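Each in C-alpha cells, the structures are laid out below.
What follows is a pair of complexes built around chain A, which joins chain B in one and chain C in the other.
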Partner chain A sequence: MKSAIEVRHLVKNFEYYKKEIGMRQSLKNLFFREKLVKEAVNNVSFSIAEGEVVGFLGPNGAGKSTTLKMLSGILHPTSGSVNVFGYTPWERKKQFKQIFSIVMGQKSQLWPDLPAGESIFLNKCIYQVPDADYRRTLDELSELLDVKELLGVQVRRLSFGERMKMELIASLIHKPKLMFLDEPTIGLDIISQRAVRNFLKYYNEQYRATVILTSHYMRDIEDLCPRAILINSGTIVYDGELKKINTHQDEKKLIKLHFSEYTTLELLKEFGDVKEFDGFYAEIEVKKEEVRVSMQHFLYRFPVVDFTIEELTIEEGIAKLYRGSA
Partner chain B sequence: MNFVIEMRRHLYILMLFAKNSIISQMEYRANFVTGIFVEAAFLVAKLLYVVVVYKTNIHIDGLTPDTILMFMGTHILLTGIYMGLFFNNFQRLTEYVRTGMLDLMIVKPISLQFLVSVRHIEVGMPIPNIIAGSIMVSIGWSASDIPFTLLNILLFIIFIFIATILTYCIMIIPPLLSFWFVNTSAASEISYSVWDANNMPKLIYNKWIQRIGTFIIPVFIVTNYAPLIVLHKLTKVEMVWGILAPLIFFMLIRMLWKQALKYIAVQTCNFGCLRKGEEESL
Partner chain C sequence: MTRNKYVVAFRIGFQSSLEYRFNFFLSLLSAAFPMIVQYYMWTAVYANAGEKDVFGYSYREMIMYTILAAVVSKLVISNIESSIAEDIKSGGLNKYIIQPIYYFGFRISSYIGQRLMYFTISLCIILALTYILNTFYSLKTEEERILIFCLSIILSVILSFLISYAICACAFWLSEISYFFVVTSLLINMMSGGIFPLEIFGERLQQIFRLLPFHYLIYFPVNVLSGKISGHQIWQGIMGQGVWIILLLLICHLVWKRGMKRYLGLGG
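And now, the complex of A and B:
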C-alpha cells in the first residue's frame, strides 16, 4: 500500500523557564530565569499507509499533540524528517494545506455569532472549492450528520454535539485526503460521540482518507482504529494492531468475584494482582495458567456467590504499556 | 497572472470578513450603539484641540488654523480607519498566540498575515471618527482655498492609502512582539501614545523628532503627507519617501512576521509552555 506519512527519527525539544511559587521566587525570576528543556518528542519513527486509520494514544503530556502539530506543519521539529504525501509539512506549501485538515475538539474555527453555514462558506472560499463541489459536499455531509436544518442557526445557539458536527463539515468541505483529529469527541454525549464516530468511519471508507486520531475515549479508538501507536514521554512504546496490544503483556485474565460476606483483602492478594476491592466485590488479575487452580481456591475458601473470567481490556493493556514505559 | 488571481481571492475573502463582522456586531445592538457613543465622546475630547487652535489663532510655520484643522481631521480619519480595519485584529493576535488559536489558522491555505490582520472588521466604533475626520478635512480644505480638483482629491486619497499601510506597519509591531514575549501591553501603550501625539503637524516638534518620526518610525507620514501634498508643501524628496516608505516598511514587517512565525514554530513550545494547562497541550 502507498505510504501517506513517513516519519523518521523525529525529535522536538522545547525550552521553558522554571517558575516557582511565591513572591520571592517571582522577584528572582524577574532578573534570572533558569532555562529548562522538555523533550516532548524523542526519536519517533513510523509510517502510515494511504487510507489507514490510526489511533495515536498516550497520556497527557506524552507528545501526541506535538507530533500532530509537526505532521501538520504547525511546529518545526528539532531534528528528524517527515514526509506527508510528498510534502515536508513545516514548509507550509499551499498545495499541502489543501490536502489535509485538522480538527481540534477544544478549539473552534466557527464564528459563534453567525450561522455555521457562513463559516463553512468562508472555508469554501479559502480552500477554493468549486461551487458545484461545494454544494454537493455540503449536502452530503450535512445529511449524513443530520444537521442540514441547522446550517442557518447561529453557532452559539447550537448544542455542543451539533457544533462539533458543524466543525467537521467546515473541516471537510474541501474533501481532504488526510485528517488529523485531536480529541474530536471530547465533551460530547454518548449519542453525539457515536454519530461522530459513524461519520468518520463513513468518510474514511468512502474517500479512502487517511486519519490520525487522538482521543482519551477508548470507544473512539476501538471503533475506528485497527492500528494504534502508543506514545509515552515522547517515545513510541507500541505500534501495531490495536487488538494485539494485550498479547504484548503477560498472559493474564481478569477474575471478577462477588462475595456474600465481607472478605479481607490480604487473603486475596496471594492469588494475583487485586485491581479493585470493596469487601464484597473484587477484581483480580491472574496468570492464564493459574486461573483454574485459583478459581478452585476462590470457590473453596471464599463465600463466592457469583464470578466471571474475562480477557483484559485493551484499556488495561494500554495502561500497562504506559506504566511499563514510564 | 497568479498574483492578480490571488489578489482577487484575498479581496473577495476580505469582503466576506467584512460581511461576517457586520452581521456579528449587529447581533449585539446595545454594544454596537454604545460603542458608537463611547467613541463619539472620545472624539468630542479630541475636538477640544480644534477649539484651542482657533481660540489662540495659532500659526505653525505658515500653517493657519484652517490648514491645521486638515491635519487634525486626517489624524481622526486615520484613527477611524485603524479602528475599523486593524485595532480589533491586533488585539486578538496576542490572544491567538496565548491560547493557541493560531494553530487552526496556520493550516489554512491563505496568507496567515492577511488572515489575522483583517479577520474581524469593526463597523460601529469607527463611524464617528471617519465622519468627523472627513468633515474636518473638508472644512479645512475649503477654508484654506485649496482647489477642489480631481488631481488634488486623487493625491489626497493616495496618501491616505499610504498612511493606512504605514498605520498597519507601525501598530502591528507591539502585537507581533507577543510572539516572543506573549504579553506586550506596555509596548501597545507606547504605540497608542505615539499615535495620539501625532494629531498635530509634525512642525511643532524639533528637527530630530521630525526625522525619527518620518524615517525610523514613520508616524508623521500618516497624518502630515496627505494634507501637505494638497497644500503643495511636500518637497520632492518627501514625496519620493512617501511613496517608498510603505513599500519598505511593509517589507520589513513581512520579514518580522516571518521571523515571529519561525520563532514560535522552532524556538519555543509557544502553544504549550506559556499557556495554562501547558503539559496537556504538549
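And now, the complex of A and C:
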C-alpha cells in the first residue's frame, strides 16, 4: 500500500523561561531569566498508509498537537523529516494545502454572525472548487449529516452539534485526501457524537481519505480507528492494532464478583489487583493463567451470588501505558 | 456572483457588519459627548482669551475642527488590533497558514467590507455637518475641496489599517497585550489630531508629530475640508500619505515576516 505520511526522527524543542513562585522570584525574573528547553516531541517516527484511519492518543501535553502542527506545516520541527503525499509540510506549497484539512472541535472556523453556508462558500472560493463539484459535495454532505435546511441559519443560532456538522462540511468541501481531526466530538451529545462518527466512517470509506484522529472519547477511537499510536511525554509508547493494546502488556482478565454477605478486602487481595471494592461487590484483575484457580477459590470460599470474567477495557490498557511510560 | 476569494471575503465582511449596525450608531452617539464638552471648553477659552485667534485658529475654525475631527476619527480608526492579536495569541492564525489564502489579503478585504457601510454613512454625516456649519457660520466650502477631502480620507483609512496591522505584530512577542492597545490607540488618537489640532502641542512636539504618519489620519483631512490647508500644501499632504502607505506596507511585511518566523517556531 502507498504510504501517505512518513515521519522520521521528528524532534521539536520549545524554549521557555523558568518561573518560580513568590514575589522575590518574580522580581528576580525581571532581570534574570533562566532559559529552559522542553522536549515536546522527542524522536518520533511512524508511517501511515493511504486510506488508513489512525487514532492518535496521549494524555494532555503529551505532544499530540505539536506533532499534528508539524504534519500540517504550522510548526517547523527542530529536526527530523516529514513527508506527506510527497510534500514537506512546512514548505507550505499551495498544492499541499489543497489536499488536507484540519477540524478542531475546540475552535470554530465559521463566521458566527453569518449562515454557515456563507463560510462554506468562502472555503469553496479559497480552495477554488469548481461550481458543479461544490454543489454536488455540499448536497451530499449536508444530506448525510441531515443539516440541509440549516445552511441558511446564522451559525450563532445553531446548536453545538449542528455547528460541528457545519464545520465538517466546511473543511471537506474541497474533498481533502487527508484529514486531521482534533477532538471532533468534544462537547457533543451522544446522538451527535454517533452521527459525526458514522459520517467520518462513511467519508473515509467513500473517498479513501486518510484520517488522523485525536480524541479523549474512547468510543470515537474504538469505532473508527483500527490502529492507534500512543504518545506520552513526546515519545511513542505504542503503535499498532488498537485491540492488541492489552495483549501487548501482561495478560490479565477482570473478574467481577457480587457477594450476598459483607466480605473483607484483605481476603481478596491475595488473588490479584483489587480495582474496586465496597463489601458486596469487587472487581479484581487476575493473570490469565490463574483465572481458573482463582475462580475456584472465590466460589468455594466467598458467598458469591453472581460473577463475570471480562477482558480488560482498552481504556484501562491505555491508562496503564500512560502511567508506565511517564 | 463572483468567485474570487478576496472578493468573497469582502462580501462576507460587509454582510457580517450589518449585524452590528446598532453598535455602530451607539459609537457615533458616543462621539457626540466629547464634542459637547469640547464645545463648552473652547467657548470658555475664547471668551477669556480676549484675542481673536488661539493657536492660530479662530473660534469658528476651532469648533469646526473639533466636530469634524470627532467624526473623522470614528471613521478612520480601525479597532482591528484586538481581533488580529487574538488570532496570533490563540492560534486562530493556524487556519490561514494551512489554507491557500494570504492573511493580509483576507484581513484587508474583509475589513474594507466591514467598514464600507459605516464609511459611507460617516462620510454623509461629515458632509452634512460641513453644510450645517457653513450655513451656521456663513462660510463656504468649495466642491473641489470636498473631492480632495474624500480622496485623502480614503488614503487615511488605508494608512490607519496598515498602522494597526503593523502594531498588531507586537502580539508575536508580547504575551499580555490588551492594555498595550489601549495605550497605543490613545497615543495615536492624540498624535493624529483626533482630540485637538496639533498646533496645541507647541512648536517642538508638532515638528516631531509631522515626521510621523499619524497626523495624516485625522489632522490632515479635517484641515483640507475646513480650508486650513490649501494650495500646494494639499498635494504635498496627499503625497505624504502615499509615501507613508508604501513605507508602512514595507514595515508590515518585515515585522510580520519576523513575527511569523517566531510563530512557526523558527526562532528569532
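Everything below uses one rule, namely that the second predicted complex is superposed on the first by the 326 of 326 C-alpha atoms of A that agree within 3 Å, B and C clash if a C-alpha of one lies under 4 Å from a C-alpha of the other, contacts with A are read in each partner's own complex, and residues count from 1 in each chain.
The working rule: a contact is a pair of C-beta atoms (placed from the backbone, for glycine too) under 8 Å apart; a residue touches a chain by one contact, two chains touch by 3 or more.
All values reported here derive from a predicted model rather than from experimental measurement.
Asker: For the combined arrangement obtained by superposing on chain A, do chain B and chain C clash, or do they fit?
Answerer: They clash.
Asker: For A:K288, select first, second, both or neither according to whether it touches chain B, chain C, the two together, or no partner.
Answerer: The answer is neither, since A:K288 touches no partner chain.
Asker: In the superposed arrangement, which partner chain does A:R33 touch: chain B (first), chain C (second), both, or neither?
Answerer: Once the two structures are laid over each other on A, A:R33 reaches no partner at all.
Asker: A:K243 contacts which: chain B (first), chain C (second), both, neither?
Answerer: Neither partner.
Asker: Between chain B (first) and chain C (second), which does A:G61 come into contact with in this model arrangement: first, second, both, or neither?
Answerer: first
Asker: Thinking of the overlay built on chain A, is A:R92 touched by chain B (first), by chain C (second), by both, or by neither?
Answerer: So A:R92 meets both chain B and chain C here.
Asker: Kindly classify A:H9 by the partners it touches after superposition: chain B alone (first), chain C alone (second), both, or neither?
Answerer: In the superposition, A:H9 contacts neither chain B nor chain C.
Asker: Which chain A residues contact chain B in one complex and chain C in the other?
Answerer: On chain A, the overlap between the chain B and chain C contacts is residues 14, 69, 72-76, 90, 92, 94, 97-98, 100-102, 107, 109, 111, 113-114, 118, 121-122, 125-128.
Asker: Which residues, counting only chain A, touch chain B once they are in their complex?
Answerer: Listed in rising order, the residues are 14-16, 38, 40, 60-61, 63, 65-66, 69, 72-76, 90, 92, 94, 97-98, 100-102, 104, 107, 109, 111, 113-114, 118, 121-122, 125-128, 154.
Asker: Okay, in this complex, where on chain C does chain A touch?
Answerer: Against chain A, chain C makes touches at 3-5, 8-9, 12, 15-16, 19-20, 90-92, 94-95, 97-101, 264-266.
Asker: In their shared complex, at which residues does chain A touch chain C?
Answerer: 12, 14, 69, 72-76, 90, 92, 94, 97-98, 100-102, 107, 109, 111, 113-114, 118-119, 121-123, 125-128, 131
Asker: Under the definition above, what is the set of chain B residues touching chain A in their complex?
Answerer: Residue positions touching the partner: 9, 12-13, 16, 20, 23-24, 27-28, 100-101, 103-104, 106-110, 262, 265-269, 271-274, 278-282.
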